[in-house]
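Sending over a structure as structure tokens; questions will come in a sec.
Chains here go by letter, A, B, C and D, matching the order in which they are written, and residues are numbered from 1 within each.
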């Protein structure tokens, strides 16, 4: 990357199933908080990139009435209709060109307004799968989980272990919506079955939520911020549609990860990274994500959890904030991961702080079975 | 000579729907406040303490100053036209809203000529769209002074402000 | 239409409002749907890389070669079950989860003679379903040329 | 650092009201193929795909997940950008930023719309969905049906553009006959563009004046159609561009500033502080920024051609002034003299523009594409006779508050 881009401000909302705020207020409050954190005024913004989708928000051109709330009045504005990490990537690219100094990235989803799983049904092939009416993100996720478990000998208990780990982590995260301390594997397995093997506690909860990150060019970042978090690498990739894709591994994430590692000069992710925050919509996805990011060989992801490598006090903590299993505001989930990484690097994560985090990886995904993936590598000074 | 026609074969179609009506939204109580004030023949707007703009109907956030508009201001029921359009006579079946014909529902009468206008009520910095009554289309001009026409029965609803009419 | 709660209001939509669509399918897909009436299940073989798409499509995603009508081949419609899930709920189309009285099996079928997976409900008792099973296609008695011609997918012994 | 980048290939489909010979995926693929062929490259050369459309119109959420395989997303970095009417413009600018930042060398931008997939004419529910939350909200507080119909939908199609036109006409002294002239020019130009939708060879203002009135000043002959169609461009960095293209169209400046909502309502049925929707502050600021980036000091002299997003003829006049191409209130006078015609001093929307072809998601990308074609000299029958050195492409969307503005040139940025 030619120029260095730093994160100077970030904020997230308290994610809940039904936030008692209008969409406009929800976004406005978080944007205000992030601007205050960065110590800059709205007038100093150069460009604004938002992230939300029309079907999830229930408005065609979902960003159109939010321009004022995100502070984009007479500012360069665009909307990436994907996960927040993709809009972060786009904003970084805009900053690298030098066209603007400061960028605000905003992502939100109102999950309460309309069941996002119904929306996922609207994303499948309208000529084939939508006609059969059985495919949605949960059933497809279950198919993937079953295939993965069958191939690599992973049991339901292994998936439950992931959920137990993340739910336990999320219990001390004040922003998480699903906070269940001391949940046991049996409880996870006994919770309401949706599509076997996926139970309610193995899938991410629907929440409303919003996250904001403010980026700045190196010069600007150093002038306004004591401890900017630098974007060291980023990568993005999309998999083919479900029908023609290898469901057993997340090929797109592998490519995205490699691109990001190369950019950040990381050859051995296990040693070079201090922490990962990944968006796992289902328990099995965390295992597959860890494998695709090179933390374990294919099919061996379960040993990371079993041996405690990825716990909060393990060698390489994954999702100390609880991850998407504790709060999943669809479009914002990836950006929340970035915010969590920044907090960890700056030592602001309070109860779920991991000590000595210098380099962290944030992952965002979008689409059925993690079809689109973005990887961002962040580093402190 | 007219438009060039483009003929091409058609393939079969498969169907699907999108339940737009099943969405839910959260809204602030501003419109409630506005409607309740209409019952007392008052038009309320929100005032931004940053730029001093008064917006009717009240809105929550001033994007110019990026701050909440917490103050309220009652604006005059007198105002001036900033824009007007004369519609052609209403014809049954020509235009439908959500599958309903305005003439069938009794909202409009066949052959009626409407004059939708934008009005800026004195003391406000925004337009309101409504209908102009008691005026002939050829008399209307931009900048015309108008005043609010209130519904016969005030219910505390948006329909209390029926429209505007010229001040004579 | 509205309920009072906290400082914000909940605005519900009008259930009568819905958007309806009819997606045109294109030439190859039309051929596929029409030939279902003759109990034929078509697939498209990429003339360049040989990858077989079922149902057919006109552009190869792997090598970006145009696929034409001459590249259509017939396959059985049956295949091997590579994964399945038992659904205890389903979406009602209006964004609600509805509990199913009778759980439903959804399968990912690797179609015989094709490279694509096919996702479909499978008519079977959840207890009897196993990965690696052979799945066959059963036709409806009335054939009109469309998806409704397929009665269901079912394990074959 | 802004790395030089240029458009090296353009592809679009024939636009018409019903493209039912193809599926939405095949439609988008058609444009992508044409762009690759035009650039003389294969999909292997493409590093990144930027795509977009308006999902509510086709009823498919996040369609690039399904039809990504048709437009080359599979196994590649892919970004979906959608900003309403400006979707195409944002997609084109997105492709530019991906290359200009040095992240990728060759990017493909593709945008499409398939209105005929909706069962209603013009996908009205998808469109009304913009303010659906507002509408449900206001109806619950007793918004009268009569008021609603009268104010939001005078004559169904025209909506707020009627008011905007009235404001402009009041400000500038332009008359209805000038709108006829603009519409006739666009129909005539479209007849020379094989991809355009509403083609009417030798259309004269009198022909347009014969069509029925929707609401003064608009006639049926003025209004844009709802088209099916797609367009795609290939953007490449300098070295690659020079190798593969004799005359690439270089990106010189770009901006997309948004204004306050221009149409009476904000979220939750609040009012807005914009009195005059023809003022278009967003367009003015975008133009300022883009001209500055491109090093243009006097756009009236330096711009050779403009592609303006004008679903209604009044908007061609409004935006050509707001973008600094004419003095305030004079665009119609220049148009009257034939300066904006295909062989005029400053040809505007000689492809027929959005007035003749409106596949919403793709329309704004088509503006960039047509501007590029003129610079590359590939426009064919509607190529302007003079040498085009600098061309500008504009798009508006949202509730007339979003603007994309792109300056293209025949030489790279200095």
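By our rule, a contact is a pair of C-beta atoms (placed from the backbone, for glycine too) under 8 Å apart; a residue touches a chain by one contact, two chains touch by 3 or more.
Here the structure is a predicted model, which means the values were calculated and not measured.
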{"item": "Reference chain A; chain at largest CA-centroid distance", "value": "B"}
{"item": "Rounded Å distance, chain A centre to chain C centre (Cα mean)", "value": "30"}
{"item": "Chain A and chain D, separation of their C-alpha mean positions in angstrom", "value": "33"}
{"item": "Interchain centroid distance [CA atoms averaged], chain A/chain B, Å", "value": "41"}
{"item": "Shared interface positions of chain A, touching two or more other chains", "value": "20-25, 55, 58, 67-69, 72-73, 114, 118, 122, 126-127, 131, 240, 244"}
{"item": "Of all residues in chain D, the ones touching two or more other chains", "value": "19-23, 56, 59-60, 69, 74, 125-126, 129, 132-133, 136-137, 260, 266-268"}
{"item": "Sequence positions of chain C contacting 2 or more other chains", "value": "7-9, 11-14, 17-27, 29, 61, 93-95, 147"}
{"item": "Category of the chain touch graph - line, ring, star, complete, other", "value": "complete"}
{"item": "Interface residues, chain C side, partner chain A - complex", "value": "5-8, 21, 23, 25, 29, 51, 53, 55, 61, 82-91, 93-97, 104, 106-108, 115-121, 126, 131, 147"}
{"item": "Touching residues on chain D, where the partner in the complex is chain B", "value": "14, 16-23, 56, 59, 125, 129, 132-133, 136-138, 141-156, 162-163, 166-167, 170, 187, 191, 198-203, 207, 212-216, 260, 264, 266-276"}
{"item": "Chain A contact footprint on chain D (complex, rising order)", "value": "1-3, 23, 49, 52, 54-57, 59-66, 68-69, 73-85, 90, 93-94, 97-98, 100-103, 126-127, 129-133, 254-261, 266-268, 281-282, 285, 289, 293, 397-399, 401-402"}
{"item": "Chain B - residues contacting chain D, complex", "value": "1-4, 6, 8-11, 13, 16-18, 20, 23, 25, 27-28, 30-32, 34-35, 45-46, 53, 55-60, 62-64, 82-88, 94-95, 97-98, 102, 105, 107-108, 114, 116, 118, 120, 124-131, 142, 155, 157-160, 162-163"}
{"item": "Touching residues (chain side chain B, partner chain A) in the complex", "value": "14, 16, 18-20, 22-28, 60-64, 66, 68"}
